[in-house]
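Two complexes come next, and they have one chain in common, chain A, joined by chain B in the first and chain C in the second.
Presenting the complex of A and B:
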């Protein structure tokens, strides 16, 4: 799961299961995989039990003009948020918005305005705030989920892209592609704390489950920067190779691995978070240009959104191999896992 | 003329950045360092009869100004004072010296043509201040005249020739007729082209050539071309002369695919329009470029859109070069943490320094001649163009950057002279 809050919930579930002597696997909720299709202006919903598309949710009737990209999920896993913009980054249009989808019903719950070409999203651990990178304005902005009102917006680097909220809700990190920077926002005091330089063309940032680390991919630099969230300094740089082109990151439920989508190389890099080293590279049967990546609540499956093959690759994390490829919409961009209660 | 660059921001992102700079003045900078870095951009004064060159100069300036707006704002986030000074001058070398004296420039950008680039390169070696060449393609600048303080963002003639040879030969054009003038630069290009055809492309060859002059008999030239059996004509001529040759060959009834050497002035929309208008038959062919404003991938959509918003016109190759030159110097100062010229040069030239040029692959300066490795584009002049943006259609990229399993540096080094072929031996330790 990409949401730190969601991860926290998943870990809590495991802990409770351990106390009760119940196998963690039995506590698993049902889940669905949501994939934003940039060129289809819709969202594919995948049933992981059958690896088939169970629904396609239209975001707009104007594919090719309206583009859903970033995805995020509420801490309880029940609401998926999609950032929607258009293909003319500098023009403010009504399409610049955030859409909330109910995982149980696959219906659109609400939507609210987020001007400035919102690209990616993150949800606060209390589920009350959504933070977005506003690419065209070089800003990061927070919104109240309840009514869509804007909490604050801050200057970040040029071409804002990745955004993540720390598991304790204190920090919002926003990356900027053109200026190789991460801006740290204090979400409690609503102020910018600092800016940090990371690798060349930073894309996505994710926090570790315990919140002590943040990981930032750098697409052109071919690196993952490891940031100590205590003082927001880069303490390590994991080199994936100049041509690795990493984009999204999925943190394993146990926190011991990162799965990094290597977009331009049609690969997934598996990183050991203790050693901060690449321990495997998955290439065989991978779809083309995986940008999005998400992991199942039990950590057994990884899903990649493959933008050039319009597909989702399913990876078995035990064998680290692709076990299925699922056709989705055109320009699969990002993936997230939403959860629903297991009625059984 | 010295431009106060931020004062020019009037709309779009520029306006947003300026406002934000004023409203959110200070946060803790990364290292709390107080570095001041000034970059000088030196452009020629252009006569009114040089419309293509004027278009190029304007493009470079606008790109540099946009970069100054974006990156000075961003530098301020890190506690760094980054400024860009633009001057138009007929004497590049003297202007560079004055900018160093008056503003303490950490580096200069320029090179609109072989003359300016040679002057600035010589000054850079003498003064120890790096020079980034944005528009001079001459291989001589990268060979016998190379310098440790000169960095070529502009692709070299050899790179363009290799790209053109690759595209056309793979498309089946194997019998090349070369038209050039009698300059040493054109002669060098001619030799390099023949070498590329013979050494890299099986069965492709030169089938004829002609030395162009203002009194060329195009009827006779058309006869020569027809007799040679050529399937491609390559014009190794300056941009204005390419237009005349295209027009005259077209009028002489030549129907052979024709392209020309992509001097920066010949990569402008102004040139494409003039080519299409001057030669209805031959003037809408394929051209090589270093950038294309309709490029959509690799984040180029956002960069092109910002430029379009800022200036109301497409980001052409010259604008891209002006923007990127300022950007890489910004990075050298901010990421290198110093505005001392020797530190800036060291950052630019370091083998582990990677630049993002919005071309989807990490670019770097080759250590043996300081030529920026990068991919190039092939466009087709749009014969039904209705506005400047659609004056050309993007049709190719070379080398293809999506080639998993191959080394990205070797991939980019498919274009241009490798170390063993380089005649630059002057500055490597």
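Presenting the complex of A and C:
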């Protein structure tokens, strides 16, 4: 992962990256994988060079009462955000908050209130806003990163779950488990545009890198809905199987593949985004109940947070096989990649 | 605790009937469509059986929450199949109703209800064979559907654990329901592959670890109310694969809404002739599926029709605590929250033609909701 040789190597890396269509930024950086451990109330930080846990960051001194779940990363990769709540979604408490972690130092930079059981997070492309799904309140809310002030809250479906901001910053999509819906929020005009019906129990939504598509997993439906972001309509539904129980999605840097964590089958489904078809299913050596999933900046590795085996599986995306399993904390929930300048 | 009696009661009221173990999986079947009302009847039978276990397991005086659960056995749970039972075996229906009422009354008055519970359990086992046709009750997909209901429905395993944070006597309810799940799993597990069996048993072990015994928790500090949901959901998914049937009704909202409209429409004939107890069985089954799968979605996409449905349901059937908790959570009409099933709802129209008209209106409203959801 690390590339000694300073500027010359870095420039060569840029050239190679350009040939491969990989963002140049990815070649000049190291990265770390952050995994929220729901039941341990901490975050495991994985060094991908050694596939070992390099740090465990406590989020609360009350494991079993306070839980970190959703994760997101700033566009520059330097700050990881964790949504924190307790186990009593009916009551808004001081534990309902968002914690910002500095990727370089692994220190907590700041935290701010996000009332109503924040479940998942997304960061705006300018890095200035964090949007959260507030599960208990059936709302989506935006916050200023700078001071934690609330930008706006909007009613969404019941049991808000997934949230994503489009690459151009215009749209915020919020899924809701109980209403099987995606709510489209206009982040510029601060208004709700529409609600769309998707598969049963939608979990996570992710935009394609070019922003023309949004992908929504449906846990009970066993599907991925494909939404055309031009008019916010569902244009395709990818069937993964009734027992697949898909949750998180990782979009490959080139945009040609989706990697979907299948919690029901302990599998990762690989989807070709041109055909919207499953082209491979990775099962062998996978940890149990993968919910979280993240991809390395160069797209060569996929990491799954496995809630039942308390582990992270490392997948080589060229061979589409599991090459390692790393023990993390109890109830591994979500995974995200943070980036830092390389040390070369 | 009276553990010796538990096994006796379990024998008196076995989970549905014994299974022809080599029955094939039923690819493509959907019990919630094929046996909508039968599934609701079976759920009522199972939940009464679990309440009887509770009555036998704990010694008086009983907590008020527990008394309410026991009373529900003689009320809304019995209403799920009481009309059919009375139609097919009036004497058995009377005896069962009397035994359940006696059990509930004893519990309320702080007396030992176990003798009445044992009598009711014996009658319940007979009632099961009367109200559920053999072909249905022995179908693996049907058993699996009931098993999933017990895992995921209100008063079931996952919900019992979750609700125990606020009402600790939901925990024993979840515990007894888990014992019923064990029995049903035992009847279909021979259809499972080795891998599925191993996975299912792991999930069952996880649930039993959360429910080590029937006693309500002394403290819920540090309690993760959602902890039973993941293994319960996973087990439901495994069971679905084992029997090769669709056990999650909400995968196609429009289809489900259309089916509920049709089921409701078919029940209107019973109301027309004043046979409300039969009509009520269908309405309770429809309401279960509506509340569980469609209500929240309809509230978002067809709010006016949803509000109309919420008004019409309680005019056709008194929907007791076991049937209407979702609505309560979502701040919806809770007109029927408190009541147990009574012979006549306070809100029920006075004459059969009014019942039939309300039934027809509900059917049309559900059809409209189906259209709004893509039908």
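Annotations for the structure displayed:
We adopt the following convention: the second predicted complex is superposed on the first by the 317 of 344 C-alpha atoms of A that agree within 3 Å, B and C clash if a C-alpha of one lies under 4 Å from a C-alpha of the other, contacts with A are read in each partner's own complex, and residues count from 1 in each chain.
Here is the rule we go by: a residue touches a chain if its C-beta (ideal position, glycine included) is under 8 Å from a C-beta of that chain, and two chains touch if they have at least 3 such contacts.
From a predicted model like this one, the values you see are computed outputs, not experimental measurements.
After superposition on chain A, the partners chain B and chain C are seen to clash. Once the two complexes are overlaid on the shared chain, A:137 sits against chain B while remaining clear of chain C.
Residue contacts after overlaying the shared chain place A:78 against neither chain B nor chain C. Shared-chain residue A:39: touches chain C; no touch with chain B. Shared-chain residue A:242: touches chain B and chain C both. Within the superposed three-chain model, A:69 lies out of touch with both chain B and chain C [touch as defined at top]. Of the two partner chains, chain B is the only one touched by A:193; chain C is not.
Once chain A of one complex is fitted onto chain A of the other, the partner contacts of A:339 are absent, as it touches neither chain B nor chain C. In the superposition on chain A, no contact is made by A:213 with either chain B or chain C. With both structures placed on the common chain, the touch criterion links A:307 to chain C but leaves chain B unconnected.
One of chain B and chain C touches more residues of chain A, and that partner is B.
Overlaying the two complexes on chain A leaves one chain B stretch of 20-28, 218-226 or 380-388 clashing with chain C, which is 380-388. Under the contact criterion defined above, the residues of chain A that touch both chain B in one complex and chain C in the other are 87-88, 157-158, 176, 178-181, 195, 197, 200-201, 220-222, 242-243, 264, 289. Residues of chain A touching chain C in their complex: 39, 62, 64-65, 67, 87-88, 157-158, 176, 178-181, 195, 197, 199-201, 220-222, 242-243, 245, 263-264, 289, 307-308. Residues of chain C that touch chain A in their complex: 165, 221-226, 230, 233-234, 237-238, 240-241, 246, 248, 250-251, 253, 296-297, 299-301, 330, 373-374.
Put simply, chain B touches chain A in their complex at residues 12-13, 16-17, 20-21, 24, 27-30, 70-71, 73-74, 77-78, 299, 301-303, 305-306, 308-309, 327, 331, 334-335, 354-356, 360-362, 401-402, 404, 406-409.
Touching chain B in their complex are the following residues of chain A: 87-91, 135-139, 154-155, 157-159, 176-181, 183, 191-197, 200-201, 220-222, 242-243, 264-267, 283, 289.
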